[in-house]
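Next, two complexes with chain A in common: one pairs it with chain B, the other with chain C.
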Partner chain A sequence: MTPPTQMSLPRRPFDRSIALMRFIVVLLFVLTLYGFTALETGGVNMADAWSMLADNAATLFFRPALANVTVSELLVSLGVTIGLGFLTTVFGAVIGFGLALASALNIAPVWLSVLVKGFTAIVRAIPTVLWVLIFAVSAGLGSVAAVLGMTFHSAGYLIKAYAESFEDVDAGSIEALRAGGADWWHIVGQVVTPSAMPALISWTFLRFEINFSTAIAMGAAAGAGGIGFDMFMASGFYLNIREMGAFTYAILIFAVIMELIATRLQTRQTHR
Partner chain B sequence: MPVLHVENVRKSYGGSSFALDGVSFSIEKGEFVAIIGPSGAGKSTLLRCINRLIAVTSGTVSVDGTDVTKVSNSGLRILRRTVGMIFQHYNLVNRLTVIENVLHGRLGYKSSLSGTFGLFSHAEKMRAYELLQAVGLSEQIYQRCGQLSGGQKQRVGIARALIQDPTLMLCDEPIASLDPNAAKIVMDTLRDINQRLGITVVANLHQVHAAREYAHRIIGVNAGKVVFDGPPSLLTLEIIQQIYGSEAQDLMLAEGELHA
Partner chain C sequence: MRSFDFLMRQRLAVGLVFLGILIASYVAVVVTEYDVVKGFQSIPKAVIWSSENFYPDEKSLKRLPKIIAKMQETLVTAVTATTCAAFVGFLVAILGANATRPHWVFSIVSRAIASLFRNVDVSAWSLILLFSFGQSMFTGYLALFFVTFGFMVRMLMETIDLSSADTIEALRATGASPSAVITQSVIPTCMPQFVSWTLFMIETNIRSATLVGILTGTGIGNLFDIYYKSLNYHAASLVIVVIVIAVLLIESVSNAIRRVVLQ
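Presenting the complex of A and B:
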């Protein structure tokens, strides 16, 4: 073996994309710093404002208390919001499953797949809140518009997610069943669905989380009721930060429980 | 009447070259035929043209007197259930149990509704269990296929093909992903179903020694053409070189090691 003649690393050749990326990061950093100095604060004393913010946050998180609703009313409200999230996820999942079968390229004809994928791309491009407002035109602002709008966007989202899960199914096992004389429904029921099941479950849970938080926002924004509406009343109408805190904790506890269930379900699915 | 008759079959995937370029042969009932040839010679395409997983460009393929290339969709289902097939990568549904995978072989006989939801009769389940016993997997029937070894998976594949009650069995590189031990078990099983059940076996093999040992007849394919068709005894070194072309050297070395 000959000893190395050069001890230093050769220079890395100039890479335009990396250089551009660095330039953009530095530029954004400089702009952010400039933004702080140029901030128009009006008559607000920034030091006072920060301490008040800390004060309010402390009240919100450390001194939660109910005032205008009882515990049972809180639970009912939470139930309404969960219900809204759950219902729209179930509707979205059923529609999503059906149309995903029509758009997964390994089991659907290309023309149908392109048609469905194009349509769902448009549905997803419009945010959930806008769908709710669109349906509010005919259904009026309220729970009906919220259910319709959220279902629409959930379906669009789940069609894409499910279809991609279907497309990941091993082409060989589909071929094996076709070779044995299985028809299209057999392949869907016996290969595609069981193989994609863990992915379907995790996508559905993820969408339920999204729908739950959207349902909170819709409670206030679209008057769909539930804990979102109660929060809106507590903050905007009664100006009661402590009650806001109680609602926040109720939502947080439910989110944590849901997360635990999702994790358990997923580990069970992958380990079976 | 031959079980399988292939006449002047050509297959092109577009472009000017042919994956299969005028292939003809006939296989009688009860034969064990090995198709050998280098990678990319068209062996897999040829096998898939027999049950129309791939449509031929021209020529005819007939199985038990039925022209595969012209049969209707419902006729194709009926034809496919009499042709069993096993694969190099087993092609099982790994998340389902062994017996569920074997029962998939019955789908050609099931209505859409009962097949989709996996509603099989007691008789069908008993038959699946018997076949699993026959291939030595009676202990594993409720295990998930993903947990099995390669050799076990291939035996599940064989049971899935046998439950179709096939007259013809197509094997696409059945032992290419297996260690020598598991490969021997699989090949012995194939010989057994050929001899005891009288099922005609057509197997793509990359290993010349396995073809020599198990097949009654060897068909050598190179660049989409049949270049040899005869009993193993006529397969001389020169002919192997002719079939495998530039790959022959590596193959000889591997063979030499095996027999050493």
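Presenting the complex of A and C:
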């Protein structure tokens, strides 16, 4: 008697991307387990700290109150932070636009593109706060260092984003203009910029959102003033959670409004 | 004639937008008390100063092992916070996504929670968490966790609705249980995007971790702050070199992975 042959489904062909994905998930899982053993808590009793956090969160969100600044001072601080975010976005966009034209592969020479892309990769790799602190040595802590440092990082980010948007522009239309004898300025002005415009606008707006939160951080960590500095004082100097709550709400309201605008911009573009 | 009108109107609109941006920039300059002249003067000054003082010298190289150890500590914190937040965020996204939610109330609650965690900046979370957890790595871990969690919930909710909705409907039509729908449809279809967003947030969080470190007194950020404040600029510049190498390395690896996974 012969044993019944086992029926089996044909093996799925080896899929490189699924294998890699599984490997990454396992690797991240192992790293996370290791991370938990390495995470030091500074000798804080975790149970106490969590219950304290719950208390603090309740105070923060349900009993916000101003103490060391007035409402108008709060609004001015928020204005400084928004102003820093806006100004650095505008500067970053201007520089970004120029250098993105020099680094998009479909309109710039290869050597220039490689040069600019390599340089901006390094600029982006340095966190914004370190840029601000580097400039602070020669310009002093304050808005000048903050604007310069944040502009650097914004420009690095926008050069990459804009260049990628330019590279997505339909190669056929560029080819058509080139065949018609149009020069570089015509190609940039008549095809590349207009067709990349929606993408440029949404990248710029996204960067403004990022710069707003960076401006908060620069106030807290690099003495750039604004609402970040007020928060830093309330947290480290006055130890006033209720005032932190008021600042948190101010940030939250502005950020949520920005997000709603961004979502509307996006849906308008995709429905076009 | 008509096309002339159209062109004129378009040019006028573009001009008005530029004028608006110019005026807003002027207001911003006034409000932030930004000194434009000093700003321009500071750039060459910073370049000259950096070339004279801001480079790693031989003495600072002795600190390299310590810097690398702190960098490693920061990297591990960023990865741990991101993966934990991604996992929890995935669970909340499943509860909140239109295609998988048990009830529409869950959508509103998940959206609100995600918005709260995402829109309070990571530096603000650090300052809030300092009250209860003190200056420790755990404070930084939680701050990164909160922001990443908010981001992941939003992105994964969109991903589930975009890429899994069809297969979910098909499975439901066969009478599959909710758990079967999640394991057989949601997880396989969302996995590439999930991995991609997680890698993206790891990159983002490594940069944020430097900032959080300055605020919470831990990791590479704190080490930079110590060198910087003690005017040891050679060592501080070495910290920056290490950060640049680490970020570029992780960026290129994760870009390569993303290309294969999202093909």
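To be clear about the criterion, the second predicted complex is superposed on the first by the 218 of 272 C-alpha atoms of A that agree within 3 Å, B and C clash if a C-alpha of one lies under 4 Å from a C-alpha of the other, contacts with A are read in each partner's own complex, and residues count from 1 in each chain.
Assume a residue touches a chain if its C-beta (ideal position, glycine included) is under 8 Å from a C-beta of that chain, and two chains touch if they have at least 3 such contacts.
Because the structure is predicted, anything quoted here is derived from the model rather than measured.
**Student:** Touching A:T248 in the superposition: chain B (first), chain C (second), both, neither?
**Tutor:** Touch partner of A:T248: chain C, not chain B.
**Student:** In this superposed model, does chain C or chain B come into contact with more residues of chain A?
**Tutor:** Comparing touch counts on chain A for chain B and chain C gives C.
**Student:** So, does A:L28 touch the first partner chain B, the second partner chain C, both, or neither?
**Tutor:** Only chain C is touched by A:L28; chain B is not.
**Student:** Which partner does A:G42 contact after superposing on A: first (chain B), second (chain C), both, neither?
**Tutor:** In the superposition, A:G42 touches chain C alone.
**Student:** Looking at A:Q266, would you say it contacts chain B, chain C, both, or neither? Reply first, second, both or neither.
**Tutor:** neither
**Student:** If you stack the two complexes on chain A, which partner ends up touching A:N106: first (chain B), second (chain C), both, or neither?
**Tutor:** neither
**Student:** Between chain B and chain C, which residues of chain A are contacted by each of them?
**Tutor:** The answer is that chain A has no such residue.
**Student:** Quick one: in the complex, what on chain B touches chain A?
**Tutor:** 51, 53, 77-81, 83-85, 87, 89-96, 100, 104-105, 107-110, 112-113, 115-118, 144, 157, 160-161, 164, 170
**Student:** What residues of chain A sit close enough to touch chain C in their complex?
**Tutor:** These residues of chain A touch chain C: 16-17, 20-21, 24-25, 28-29, 31-32, 34-36, 38-42, 44, 49-50, 52-53, 56-57, 60, 76, 79-80, 82-84, 86-87, 90, 121-122, 125-130, 133-135, 137-139, 142-145, 147-148, 213, 216-217, 220-221, 225-226, 228, 231-232, 234-236, 239, 241, 244, 247-248, 251-252, 255-256, 259.
**Student:** Over in the complex, which chain A residues touch chain B? Could you list them?
**Tutor:** Within the complex, chain A contacts chain B at residues 170, 172-173, 175-183, 185-186, 188-191, 194-195, 197, 272.
**Student:** Write out the stretch or stretches of chain C touching chain A in their complex.
**Tutor:** Contacts found on chain C: 21, 24-25, 27-29, 31-35, 38-39, 42-43, 45-46, 49-50, 54, 73, 76-77, 79-80, 83-84, 115-116, 119-124, 126-139, 141, 191-192, 195, 198-199, 207-208, 210-211, 214-215, 221, 224, 228, 233, 240, 243-244, 247-248, 251, 257, 260-261, 263.
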